[in-house]
Structure formats: structure tokens, C-alpha cells
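Working notes for the structure below.
Think of it as A, B, C, D, E and F in the order they're written, each chain with its own count starting at 1.
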Amino acid sequence: MPQYCILFLFFLIFFSSSSHASVQDFCVADLKGPDGPAGYPCKSPANVTVSDFVFSGLAKGGNTTNIIQAAVTPAFVAQFPGVNGLGLSMARLDLAPGGVIPFHTHPGASEILVVTRGHITAGFVSSASTVYLETLKKGDVMVFPQGLLHFQVNAAKIHSSAFVSFSSASPGLQILDFALFANNLPSALVGQTTFLDLAQIKKLKGVLGGTG
Amino acid sequence: MPQYCILFLFFLIFFSSSSHASVQDFCVADLKGPDGPAGYPCKSPANVTVSDFVFSGLAKGGNTTNIIQAAVTPAFVAQFPGVNGLGLSMARLDLAPGGVIPFHTHPGASEILVVTRGHITAGFVSSASTVYLETLKKGDVMVFPQGLLHFQVNAAKIHSSAFVSFSSASPGLQILDFALFANNLPSALVGQTTFLDLAQIKKLKGVLGGTG
Amino acid sequence: MPQYCILFLFFLIFFSSSSHASVQDFCVADLKGPDGPAGYPCKSPANVTVSDFVFSGLAKGGNTTNIIQAAVTPAFVAQFPGVNGLGLSMARLDLAPGGVIPFHTHPGASEILVVTRGHITAGFVSSASTVYLETLKKGDVMVFPQGLLHFQVNAAKIHSSAFVSFSSASPGLQILDFALFANNLPSALVGQTTFLDLAQIKKLKGVLGGTG
Amino acid sequence: MPQYCILFLFFLIFFSSSSHASVQDFCVADLKGPDGPAGYPCKSPANVTVSDFVFSGLAKGGNTTNIIQAAVTPAFVAQFPGVNGLGLSMARLDLAPGGVIPFHTHPGASEILVVTRGHITAGFVSSASTVYLETLKKGDVMVFPQGLLHFQVNAAKIHSSAFVSFSSASPGLQILDFALFANNLPSALVGQTTFLDLAQIKKLKGVLGGTG
Amino acid sequence: MPQYCILFLFFLIFFSSSSHASVQDFCVADLKGPDGPAGYPCKSPANVTVSDFVFSGLAKGGNTTNIIQAAVTPAFVAQFPGVNGLGLSMARLDLAPGGVIPFHTHPGASEILVVTRGHITAGFVSSASTVYLETLKKGDVMVFPQGLLHFQVNAAKIHSSAFVSFSSASPGLQILDFALFANNLPSALVGQTTFLDLAQIKKLKGVLGGTG
Amino acid sequence: MPQYCILFLFFLIFFSSSSHASVQDFCVADLKGPDGPAGYPCKSPANVTVSDFVFSGLAKGGNTTNIIQAAVTPAFVAQFPGVNGLGLSMARLDLAPGGVIPFHTHPGASEILVVTRGHITAGFVSSASTVYLETLKKGDVMVFPQGLLHFQVNAAKIHSSAFVSFSSASPGLQILDFALFANNLPSALVGQTTFLDLAQIKKLKGVLGGTG
């Protein structure tokens, strides 16, 4: 095949310039760089290896020995730089018996959930205040539209778990109770803007470490 | 100028075909058509008039004789078909003395507010639970990033008002209290997913017309 | 609480107009309508129920008694109308011992995979022809950037399975062998544009039902 | 190969469901349907043929016997339905000796031009009023950023021509002179908003068919 | 509540990792950093305060003692770093009696205007050269589709003003007269590409500081 | 005109602040900076000249004395920094008699091709494995939807050439044969994931420089 080999050299020459233009197939995050509205700067392709595209942190569930008896383990761009710029990320939910992922939103992404163990009661509320509520079995999939309040509750007597995917590498996670009670927003202002009783507010501020 | 006139005819002929291709400068919503992920179908350009691009419904404030002593008057695509597909919409806020726009989110848009009368205390909470809170004077502008919980409270002894703009023709509006208490989500489930006391939940369900 | 009830009526009146503007929280596909570049038209919100947002078709794996000893079960917008316009969809991969999901691309989406059983060797090739190859254990996650050729192979002696999510409700699926050999593209032209030998082409056309 | 054939049947069965999900590789415009913000509804894939993706209307230049001694022949979505939803379109420019494509903008797209015959002097002006001006030879490429005023003038003694591509299937085309003088905008208002003399305005309104 | 406090510590531990992933709720511009196609790099969230999201520069109108008896005061990303990446910005228009915001475009954004004082005659011209013209009263809203030529003229005997919002943090502003006459584009070329008389061109170049 | 000159000074003063906000009309790539998901950082506008927007590298065809008797000459962002962030780029195809641009995809862009010399047989294959195949004459245009496998073959006895444009500044280019055979992907794995015979794989790995 010696003739082929000579031709091969020509082949390489001509495509090498064009393939050079194609480096932005992906943009693995350089987390040290300043991020921008579209994500982090790209790690040099020369330094990218397969390990940038693989994440093992979801293999085990988080510790559920806590007030909610549940854990959210994220694989967002901050944990998994390979998703930078790809419009996708994941997380793992673990709910011990009685566990709850309380009301929360993802300001920048829709979410799709698949149950991998147990049963999970999940729900979201629309702008029209309609509730979409379902108890999901293993293998069931549910989608939560972007930015809407939703929650997940263990509906089994055993540990339940799920994988969730997001339509953004950086979906955000705003937990309602933390937003309302785990900061220094004055209790009176919380009351005025939520119609909750002051005693209720102060009680939850106490639990969640809020002041004011 | 008779020679010019003849040339003008030629001019028209050649550009008429290309200008025909340019009809999608805008896409005034035909609200009777089924909407899609990007908005409503376009009204035929032949039927579009300037009145499609003008909206007078924000000239007067809404009635503030209500529980929140405040009113939100929207100029979203449903009220103002001219904004369809343009990535923009508006609303007017009116707050009587003591008036409050309670905690809410816009699932699909960022918001920018300008005070036009009185003083308004506005705040939003980030995913990290940090509060960004300011009392705004007439002419002050504040921006609320997409999907985050925020509120506005009258900080003056007089009626205050503001115009707000959104980065979407259909920003959505999810009012926290309505999402939690103005529907049939079972009280026990609300409690489990918000840590609120049952008595508190039932009280607000009573006020806001919720059941369960 | 009679005073509250009166106020509540006012409350409803003023927010009802604005909440009416918020119907486009989601856009469940009306699959009978003509689709457009952004997806299908929206089902009327009045007819939407929680079942539009839940899909049970991934609970069981597809039948793997076939030439590839593997199955891809999609939950794209065509199967799961609730994802329309949300920029997300899912699928389930099942690989019997020896099973292979052959080289393919998703023209319109990036993909993120999580192994739920067994071991899977997965790989993708960049524009620079670099191979990113890894054998994944249960719980491992791997991301495949948009449009690049990739494959998955069972690396276990048992049945392996995975869930994959996509950054589009309609990611597409172009299987290399089908694109080359399962149609009427003349064999000579396939040869000219792939450098494969004619005998090889005719053999695979035979297997995959291609003509010419 | 009888065994292969049996396996082939299995192969078809399992991929047929998933390939069914992949119809939205493209969305050839059904120009009879109402368009939306993202483009026209899709023609049924079953009726799509290669002729939907091929356009022969740019093979010949437009007639340049007109006031500008030039012609713009578009291949936008209205002429070439195959580009619907693909974020691309083309046009052909023909300039007789002395020909001019006068100042214009494309409100919804950037443009890239390649000279195929003769010489063309092209320029655009930035928001900072800086002029970027160049005389291009055959094979030279120039890019015009979205929405900025630009023009092309024949710089050769022979007929010159170029192909231009746009970053939208429906880029729009607003010719400055037509916008100012070829409609019923009152001359006094044109004067007030352009600082042009009334005599100048009335002269060009006369040439271009404007009234008022 | 000591038991709660202990639980609270667990609560913090498990959510702290995930909330860390959520920093990109917003991306306040670091104006010293090099900008990119999507905007400026983000200021570190630790240094962000509420003042980054508040802008007081629109509280007063600009000085209208100038040739157009009008002023445009921008709150674009360059003046108001908080809007970076949020797809929104604002400006304030002030028009003394007789004041005019001359014909201009925003290459990268649609605009929505609300009159806050006086009367304003506003108009835009479509690609089809149709004029959409209206005299707006206080509180009236008008929308100007992206990239189209438009203007605003004071229609009252008093000072008029308006707030305008844009669908981009960096909408651009190309004033027609400045683009044509305030630079070194040769007068002959301006004439050739606008059909204006040379005397007219030279007169306006004189007024606006252009050369050539 | 002394009065005008004074007014002109006022004019400059008031618009200078707003025009300053408009620098992001374009974002010429600073190729030394780290790129991000949306492209390269912007070169300072003060250093941008018209030469950043003009590219002469497509004036001549590439050398076709190679195995495919063809050449692809790109004007992507890496070669032509002016297209950064504009959603457009170009390339030139040259095919000697017998020349072939083999099966390839552009992972991040749709493509539009116009024949400028000779005849070219071009085809693409959809996700449904349908072939769209046409022999194009000079001036014919064909569009290739994003991410789908396609090819171009010289159909003339003379040198043929074409210009192609892409809907991205960085469309990528994945040549099928290179992806399969020009790297270290083990032959057995290539066989398993393509159904090609091992002898065929080893032959092409030999030609294209692959190992394993």
C-alpha cells in the first residue's frame, strides 16, 4: 500500500487546517477563569482528557441523616466541568423514609426526573396555581417546567432515589424555606410579603439560622 | 423628472421581490391561533396597524382596594399582541399606602423596574439565600434576575407606582402564597414541603380559597 | 375571618387578569398540530393534566433480542408531549451481554448518560479525531457533546442499562450504519464518499435492507 | 445470509420507534400555514423531497436595468422553504457598471459576502459612527454585523456580482431611501427626524413614489 | 428548640454543596474584563451588593439644550453592570418643546417605550416601508421591533419624557445622521448610496463634524 | 453656519455618553484570549480595523493533489476573527475531476452551498435514513440541516468549486473516515460499533494513520 501512504500524507495536509478550526466541539470549564453569562472559559483542548467528561460523584447517594432526611447531590458545572456550555447537567436525589426535598425552584432550567428506587410523590404548581401531583414508581419519568415551584417526597417505606437532569449547565437551586428564613430579611418584611404569622416566621428563622 | 419616474418603476420591480421576503420584521400575535413554544402565530402583515404596537392599558393604575392594597396590570402578549416574538413585555405596579406585591417569581424572564411615584422597598433573594434589598426613590431602577423570588412594598405614605419590563413576551407570574395556599394541594403535604405549621397553612388556605 | 373573605375576593379580581397572562409556563405538545422550528403547538392549558408531564414508558427496557442485542427506548416529544419546548428529553438504553448501541449522532442535542446497571464502555470522537473512551460503572455519568459520533457497548457479562438525557425535546438520532447502508444511496457513491470497499458496502446493505 | 436477514428484522423493529422521534431534523416551510416567531410550520416529512432543499433562483442575476443599475435576488424562506428554522439564507447581488446597492440594514441577521465577479466597494458604519470600508476583489469575503447600515458599490468597469449569506432564514431588508421616502410619512416629519432639507425630501419622495 | 438546632446543622451541610453550584443566578459585569459575544465576565458573587442591581442615573433627565432639544440617558451594561447577561436594559428620553430623537436603530434589540410626561409622536418603518406612526399620551406604551428605523418627537408644548426598555443588555444605538454625516465616509460615496444631493450631504457633514 | 456649530457641540456632548454604550455591535475575536461557550473575548474596539472584517483566504482554492482530489478551505473564527459572535462563517470547496468531500457532519451548524464552477453531486441523509441527493449546476444552492451526514462529489470533468456558509462562527467538521480510522480506537471496538469487517477497518486505519 505504498501509494496509499503517500496519498495519506497529502490527505493530512489538507484537512489539518480545517480540523484546526473545529476545536469548539466542547468547552470544558476552566473553573479558575472568571465565568461569563454563557459559562466558564474553556480549558485548552490539549489538556482535555476523557476524565473531564466523566463524573463519578453520583454513584453514591448523599447523607440523609438531616432535618429533611434527604440529600441533593449536584453534577452542575461547578462539580462537573465537562458540561460547561452544553446546556445540560444532572443531580441525584436520595430520600430516606420520610424524606422530603422541600419546595424549590431552578431559576434557569427545566428538570426531568427518573425514579431509580422506591416511590416518590412529586408535584409542581403553575402560574395559574394549578397543582400537578403524581406518585411515581421506579422507572417513571416526570418533567418540571422551568422556574416553577416543585417538591419531591418519599412515598415508600424504603429509601427512594432518583436522577434528575436539567436544561442548563448551571440550573440554580432556590429552596423556598432558605430564601425566606435562612437570611437577615427582617421578620416584619417577611410577614408583609408572605402573609405568614410573625410567630411562624420567627420559629423557622430559628430553625434555619436566619436573623432579624 | 420623467426619466426618474421610468427608472423608479424599474426600481420598484426589482426590490419588490426582495422586500416581500422581509415580512417577518415582527409577528403580531393572532391570539386565536394555537400558541407554540416560541409564541403565537403571526397576524397577517396586511391586517397589522399601528394600534397593534400601541397599548393604553397601563395609563391608569389598577384598583388597589384589596387585601394587598396593590395591583399588577400586565401588558404581556395576552393583553398586548404586538410584543409577540420580540422578547419584551411590561406591567405597571400600583401600591396604595401599606400596599405590597408579595413574594413571587417570573419563571421565564428577568425584570427591570423604574419607580414613577413615591418610594418602593424592593428585594430579591439569590440561590445562595442572600438578600438584595433597597428602598428606591422616584426614577431609581432595579433589576431582578430571572426566576428568583422577589417582592415590592410601598415605602411611602402616598400611593407609589412603577413600570416594570420583562425579557420575555410571556414572563409568567407565580405568586408564592397562591402557589402554596390557593389550590387543592393537601395541607399535610404543604406542611411537609414547607415546614410551616398546619394551623398556619389552614389559616392561609382559608384566606386564599384553597382546599384540602 | 369574614373581613378576610371579602378582601380575598378583591385579591382574586386583581390577580386574575395577570395570572391569565401566564399560561405559557409550559407548552404540552398537541401532536396533531403541525410542528414548527421551535416544536409543536401547545395543547390548551385547560386540557392539560399531570399525566401530560409523566411518562412510564422507560420503566421497562426494550427488547434486546435483535442484531445489536440492545434497545433504545425514547421519551422524546413524539412519545412524551410534556417536554415540548422545555429543551429536555430522555431515553433508556438496554444492552444484553454483548449488546452494542452502534456509532450514532444526535444532530440537535448534547447527551448526558448515567449507568443504572452493569458496566458500559462509552466513547465519542471529536472533530480533531481524538477518542474519549471510558468504561463506566453503575452511577457513573458521562456527557457527549452535541452532534459528535459516539457509541455505547456492554462491558459486563450481565444486562446493563442506562438513562440518557438530551438538551432538546427532539434531539434526533442518526445511526451511522443506517445512514450509510439502509437506504437507496448507490453503492458506488457510498464507496466514493466513505472509502469502504464495494464488497463491504454490499454486504451491509444486504443486512440492513439497503438497495442500489 | 439468512440468519442476518432474520436479525435485520429485529433490528428494524427496535430502531423504528426511536427513529420516528427524529423527524425534526429539518422543518421545510409550509408557506400556506401561519408563520410564528420562529418561522413557518413544517411541511409533513412524508412530502419533503430533495427539491425542497435545492434552489436554482440564484443561478442568474436579476435585471440591473433600473435606477440603481443593480439587483438583489433573495433566497430567503419565502423563496426557499428548505431554510426554514435552520438559521441561514442567501441572496445574490448583481451590479452593472455604476451599480449601487444603497444603504440598508438587515434587522434580524448578520451578513457574509463573497465577491464572485468584478470588484465591489463595501462598507458599514458602527454605532460609534466609525466607517469600515474596503474594495473587495473576486474571492474576497467581508462580514457585516447584525443590524448595522451598510452598502455595496460596483468598483469595476464590468458587471460585478456576489453571493451573500445571512444568519437567519428571514433576515429582513430595510433600504434606507425606501424607509424615508417611499411612503406617506409627512415630509415635515422626515425633515424633523433627519435634518434633511424639505426640498431634498420632496425630490426623493417624488423619485421613489412617496406622498405627504 | 435544641433538637431543631442540631438538625439545622445537618441541613446546612447537605445543601451547602448544592447551593454552591447555583452562583450563576446573575452575572454582574466586571467592566474591566474583556467582554465576549455574550457579555462581560462576572464580578465575583462575594463582591456583589445590592448597589450592583440598582441604578439612579435615570432619575433626572439629560440636558436638552442642544441641537435636537432632547437627550437620551442610557442604563445599558456599560452604565449599569447588573443587567449583564439578563437580556434587558433601559434608557430615559427627554424632549424639550420642539425636541426630537432623530431616526435611529438598535441593531441588537427590540424596544418598548412608556410615556411618563407630555405627548410623544413616535414612529417606525418596516422592511416593506410601511410607516407605523402614533401620538402617545402619558402612560401609553409602544413597541419597536428589533433593528427597524424609528424616531420620537415631542408632540406637546411642555417637556415630554419616557422610559424605554430593551431586550438586550447592550442594544446598540445607531443614529442615522451620525452614521451618514459624522465620519469620513467620502461625500460622493454618501451621495451614491443615499441618492442625496451633494450640497445636502456637505451641509450636514458640516453640522455634524464629518469630513470628506 | 456659526450657530449650527455651537449646537453641534451640544449635540456631541449628549450623544457621546449613549454611543459609548454601543460598543458591542461586534466582537472581533482576540484569538489569544481563552474562548468560552459563546466564542472568543472581544478585541478592543479601538484596535479593530476594516481588515478584521475582510478575509482573502478563499480567493484561491486549496491544493487538490491529495487522496480525495479535493480541498476544504475554512473561514471559521480561527481563520477569520471578524465572524466571532455573529453566528456565521464560510468555507470554500474545491474538487478536481474525480474529487470527493467524503461523508462528514458539522456538529454545531447548518450549511448552505452555492456552486461557482462545474457540477457537484451533493447529498445528505436524515435521521429516518432517507437520502436527499441532487446534482447541482453552477449557481444552484443546496442547504444541509444541522448535524446530518452529508457529502459532495465532483460531477463534472473539470475542476468544480463552491462556497459554503454556516450558521455558526465555529461549525466544527467531523469527517466520518477520520473519526473512525485516524485515531487509536481499537479495531475490535470499531468493528463492534460499525459492523464493518476487521480487514476493512485495518485497511483504512492503515491508509489514514490510525493505530490499534
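Just so we're on the same page, a residue touches a chain if its C-beta (ideal position, glycine included) is under 8 Å from a C-beta of that chain, and two chains touch if they have at least 3 such contacts.
Please read all numbers here as calculations on a predicted model, not as lab measurements.
The chains that touch both chain C and chain F are A, D.
The set of chains touching chain A and also touching chain E is given as B, F.
Number of steps on the shortest path from chain A to chain F, with steps defined by chain touch: 1. Fitting chain E to chain F on C-alpha positions gives a rotation angle of 120 degrees, to the nearest 5. Of the two chain pairs examined here, D-F and C-D, the one linked by more C-beta pairs in contact is D-F.
On a Cα centroid basis, the chain most remote from chain A in this structure is D. Measuring from the averaged C-alpha position of chain B to that of chain C gives a distance of 34 Å.
With each centre defined as the average position of its C-alpha atoms, the distance from chain B to chain E rounds to 19 Å. With centres set at the average Cα position, the gap from chain A to chain B is 27 Å. Among all residues of chain A, those that touch two or more other chains are 19-20, 22-23, 25, 36-39, 107-108, 126-127, 129, 133, 145-148, 172-175, 178, 203, 207.
Taken together, the touching pairs give a contact graph of some other shape, not a line, ring, star or complete one. Here, these are the chain pairs in contact: A-B, A-C, A-E, A-F, B-C, B-D, B-E, C-D, C-F, D-E, D-F, E-F.
Of all residues in chain C, those touching chain A in their complex are 19, 22-23, 25-26, 45, 49-51, 53-60, 75, 80, 82-83, 86-90, 110-112, 114, 116, 124, 126-129, 132-134, 136-148, 163, 165-167. Every residue of chain E that touches chain A in the complex is listed here, in rising order: 1, 4-5, 7-8, 10-15, 17-25, 27, 30, 33, 36-42, 44, 84-85.
Interface residues of chain E facing chain F in the complex, by the touch rule stated above, are 34-39, 62-63, 65-68, 70-74, 76-79, 91, 107-108, 170-175, 178, 206-209.
Only residues 100, 102-103, 105-108, 121, 123, 125-127, 129-131, 133, 145-149, 151, 153, 172-180, 182-185, 189, 192-197, 200, 203-204, 207 of chain A touch chain B when the two sit together in their complex.
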